[in-house]
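Going by the order they are written in, the chains are A, B, C and D; count residues from 1 in each one.
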Amino acid sequence: MKRTNADSLRRLVLCCIGSLGLLATSGAGADPSTAGRSYNAEFLGPVLDDSLIQHGKETYVVAGCAYCHGVNLQPLGEAADLMRSPMVGADDNGNVIGPVVRAGFPQTLSLSPMPQYSDLSEQQIIAIARWIHYARQQGRYKELVAAPDRRGDAAAGRDYFARACSACHSTERDLARIGRTYDRQKLRAQILAPDALNRQTSFKVDRRGDAKSLGRQRHGALLENYSKEDVSNLVSYLQSAR
Amino acid sequence: MNVTRREFGKLALGGLSSAVGISSLGSRDASAATTATAGANRSLIEGVQFGLQPYCYHDLPMTRENRPLLIERLLANGMGMVELMSPWVEPNFRTPGVTPEQAREKLRQWRLNVAPDYYLAIKKEFDDVGITVFTYYVDFRTSLRDSSDAEVDALFRAGQTLGAKGCVGSMWLSAAQRLASFPGKHGMFLGLHNHANLSDPDALSSEESFIKALSYSPDFKAVLDVRHFVAANGDCLGFLERHHSRVASVHLGDRRRNNGRSTPFGEGDAPLIEILRMIRDNQWSIPAIIEFEHGTLRSGVEEVQLMFDYCKRALA
Amino acid sequence: MNVTRREFGKLALGGLSSAVGISSLGSRDASAATTATAGANRSLIEGVQFGLQPYCYHDLPMTRENRPLLIERLLANGMGMVELMSPWVEPNFRTPGVTPEQAREKLRQWRLNVAPDYYLAIKKEFDDVGITVFTYYVDFRTSLRDSSDAEVDALFRAGQTLGAKGCVGSMWLSAAQRLASFPGKHGMFLGLHNHANLSDPDALSSEESFIKALSYSPDFKAVLDVRHFVAANGDCLGFLERHHSRVASVHLGDRRRNNGRSTPFGEGDAPLIEILRMIRDNQWSIPAIIEFEHGTLRSGVEEVQLMFDYCKRALA
Amino acid sequence: MKRTNADSLRRLVLCCIGSLGLLATSGAGADPSTAGRSYNAEFLGPVLDDSLIQHGKETYVVAGCAYCHGVNLQPLGEAADLMRSPMVGADDNGNVIGPVVRAGFPQTLSLSPMPQYSDLSEQQIIAIARWIHYARQQGRYKELVAAPDRRGDAAAGRDYFARACSACHSTERDLARIGRTYDRQKLRAQILAPDALNRQTSFKVDRRGDAKSLGRQRHGALLENYSKEDVSNLVSYLQSAR
């Protein structure tokens, strides 16, 4: 058991869950997709639209991750903050998370030791990683949208763009004159949630590997790792593309 | 499988209200014609047709005497489609005092001599309660060792008379080769069912072995057993992408890679949600036949319901 | 723990009929004297006293405001004994705008100045519904870094006023050493709770570290956390054989060896059935305090009930 | 799936369960120890008195062993017959069963391949082994009790005694003149189920390692491995101890 300030931390979690609108107003039984099973919607939140992400969330909870790291990644006690972990930020489909989960993690000065979960299947690891990334993206999006838009450093934004965006975008081609098309606010919104990548996912064969799917994946990975400065810098750089 | 997704859709309009599952037992006296079409719809979920491999009722011995109980259970689970295995249909000759060889010979003679009415009566049992017999599962592996062409023909005729679109068997490549000419004669397909065996070159387990076996006859189709394919480290989504036009159905269950154990849905390595969404999003006419072999303290009906509910949530 | 098994037995005669669990909520107005003794009996099963570590209600934040809900849940689970943790008792000073240091100082002052009546009123809440506060769990680990003797004394007084036989804390050897003289002053024991940490020489995790820590004071007792002991590859049955006279209670849960994960009862490496039968067969006065940290989609009440039922079956 | 003659085999299983008196006459709900959980007593048999063995049985079933090897060790289809496996007979507390279960077993001429169960815990393996041994002992006991008592070979019985019994017994000391005390029938009964080892198990500290516990364990191990000839030979040898 980790009990350090667990009371206040739990309170925080419950608050956050509430404010995210995840607290079910009706009982689990009212949701046809949870009929007949014991699903604590009051605590876990209602079943999500995307069954893959919901499955990831349930796998994360049933494996026991939520006990220390929090259902929605608000850590309880002395557990790593997955919302801000750079290790998690570097993960792609479980390739970093998997080995850590399988091997466990020794105690550090500030964190309790993590048990090993060597018996999880590959798909369970992938499902857990899926939920962690989704929850990070949701959390980071809310945070960045709420952050005040400070004037950024266009030069730093150009460096970031070269490093993270230039494989797919160019201010000479697809983003030419983007600074004239969109004002700061709209540029910001597009960076955080590009209109072109609607949220509808599909397993249609001709869409599984298409540009939109890959773009969605890439922008998700960027989103969960943006700092407030990254976004402001990018906006300032793109504004200069006239 | 000749019913297109569009037809599925049409049938769905009339049948969705019965999708609740339990207690369709009262509808037995409804006319066969309406209920038979409504049948498959009972387990048509978001455009994906579900059915059951009734081996799942591990607590119900497979005998023809137990067929009424089987039908009750299928209805209790809200199933409108079944892959019927021959022990539910044929008499059991392996009784005390009968040698295996004698029992085999009696079965052979029975198959060759039974009148079509026998199968028609069984078909009617399923028709009457609105359950579609999608496929007839026969143990070709054992039978082939000593089956004449006449007996194989009798098995296909049996499947056809039961209303099945195809016969299915767990298959060795050598057995498949011998069976190549049979399904076409009867206007059926032969569904090739894979196992996890990685060591035997004659086994049907990898994508390569499927490609080889499917090349033997245009009337062959893959019955992709997801559990065994995953245990043999196969890529289910890639297989469906590449071969969906030759896939008759998937046997839907979960297992772990590297010849791992069977697990409850969602605890193994089979990408079940992705498979179901792929069938739905591509509007493929590939029924998902639920099957499990993992352990449970629950009754078969309870366990099947948990898995079917998992699938419904996956497509919700 | 001063109640012998014989006393347990006597109490059981009067209390067994209430062992059904749910819906003892109506008994709140019964006199404290009778229900308090009946309380522990509510969860006395075949001579083994059960209680709960209410950390298990992971879906109920630990605050003093939630204490009425906690009591309701304990009753719903048929629990007559609890290990009460300080956050259910003390105010929470970690509110927005207050630094951790400020909150810590406010808590310290509160502890030093709160009147005994505060704790007596809380004791009465549990007495009135017949729940025995067996131990008071305090976070000595954090507090000790900056706790005066006066504050430690205040914590023991709090536990005593709540009716607890002892205080319990997750312990480092160095912390235990400092606390050696305190429990005796208050006529209590200090229960040393182990963790799975294998690497830190100051950690309480192995049998050797228990022996060392117990040697610091005759008033120290082991609170053997079975989960963590198993994860640290300890031998629970051997430990109980050798040290049962110094064991205050077991925290009963399941986990896998080699720093493995927590599991539902019966899926890990803790010999739970053997532990329970050992306590029963030897008529030891060692309460089994149920605690879990494994994941679940169920509510805390549902999950606790499953585990309690497992224990009842183990002793049936 | 293994379907070879599964129908007739399953029938057999159900028959055997019935004849062992394990078929619950009432539903699972009637048993207080299964209240609130889904326990298919009609198929699995009623909950056993010994919770450790019942737990072993449930672990065996939930791990999936029963699917091929049968709840009560009557194999279905092409699975190894655990009731007669010499490998299982040589097992002590999972030391042989464990590695096989963890690694799986390749296909043989007569048997289907067995999956690997590498993710089971040590206690789960021990629990599974406990059930297998118990079921073997129950099965072998019934078989041997029902077997006709053919005249045995006293010399072979002496060899068997020297090999398997002499560590604890001697026809010079504790079993001196045993052939006068008991007739053939009673000797047989004592060999199969010694009166001195009553079935009551206990976890009392002073009994965990006592002679009776060890004797019970040893006699259990012998029982599940006796052939009909072993028993007849032993009887003939002990009869000669006058």
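One rule holds in what follows: contacts are C-beta pairs under 8 Å (C-beta built on N, C-alpha and C of every residue); 3 or more make two chains touch, one makes a residue touch a chain.
All of these numbers come straight from a predicted model, not from anything done at the bench.
Enquirer: Among the chains here, which has the CA centroid at the largest distance from chain C's centroid?
Expert: It is B whose centre lies farthest from that of chain C.
Enquirer: Tell me which has more C-beta contacts between its two chains, C-D or B-D.
Expert: Ranking C-D and B-D by C-beta contacts puts B-D first.
Enquirer: Between chain A and chain D, what's the gap in Å when you average each chain's C-alpha atoms?
Expert: The computed centroid separation for chain A versus chain D comes out at 54 Å.
Enquirer: For chain C and chain D, let me know how many angstrom lie between their CA-based centres, rounded off.
Expert: Using C-alpha averages as centres, the distance is 40 Å.
Enquirer: If you average the CA atoms of chain B and of chain D, how far apart do the two points sit, in angstrom?
Expert: Between these chains, centre-to-centre, one finds 37 Å.
Enquirer: What are the residue numbers in chain D that touch two or more other chains?
Expert: Residues 37, 58, 118-119.
Enquirer: Two or more other chains touching the same residue: where does that happen in chain B?
Expert: Only 256, 260 qualify.
Enquirer: Provide the residue numbers of chain A that touch chain B in the complex, in ascending order.
Expert: Against chain B, the touching part of chain A is residues 32-37, 47, 51-52, 54-55, 58-59, 121-124, 127, 202-205, 207-208.
Enquirer: Give the list of chain B residues in touch with chain D in this complex.
Expert: My answer: residues 53, 55, 58-59, 61-63, 85, 87, 92, 94-95, 100, 137, 139, 141-142, 170, 196-197, 199-200, 231, 255-256, 258-262, 291, 293-299, 302.
Enquirer: Quick check on the complex: what are the chain D residues that touch chain B?
Expert: Residue list for chain D touching chain B: 1, 3-8, 10-11, 13-14, 37-40, 42-44, 58, 60-67, 104, 106-107, 113, 115-119.
Enquirer: Would you tell me which residues of chain B are touching chain A in their complex?
Expert: 237, 241, 244, 256-257, 260, 263, 266-271, 273-274, 277-278, 280-282, 305-306, 309, 312-316
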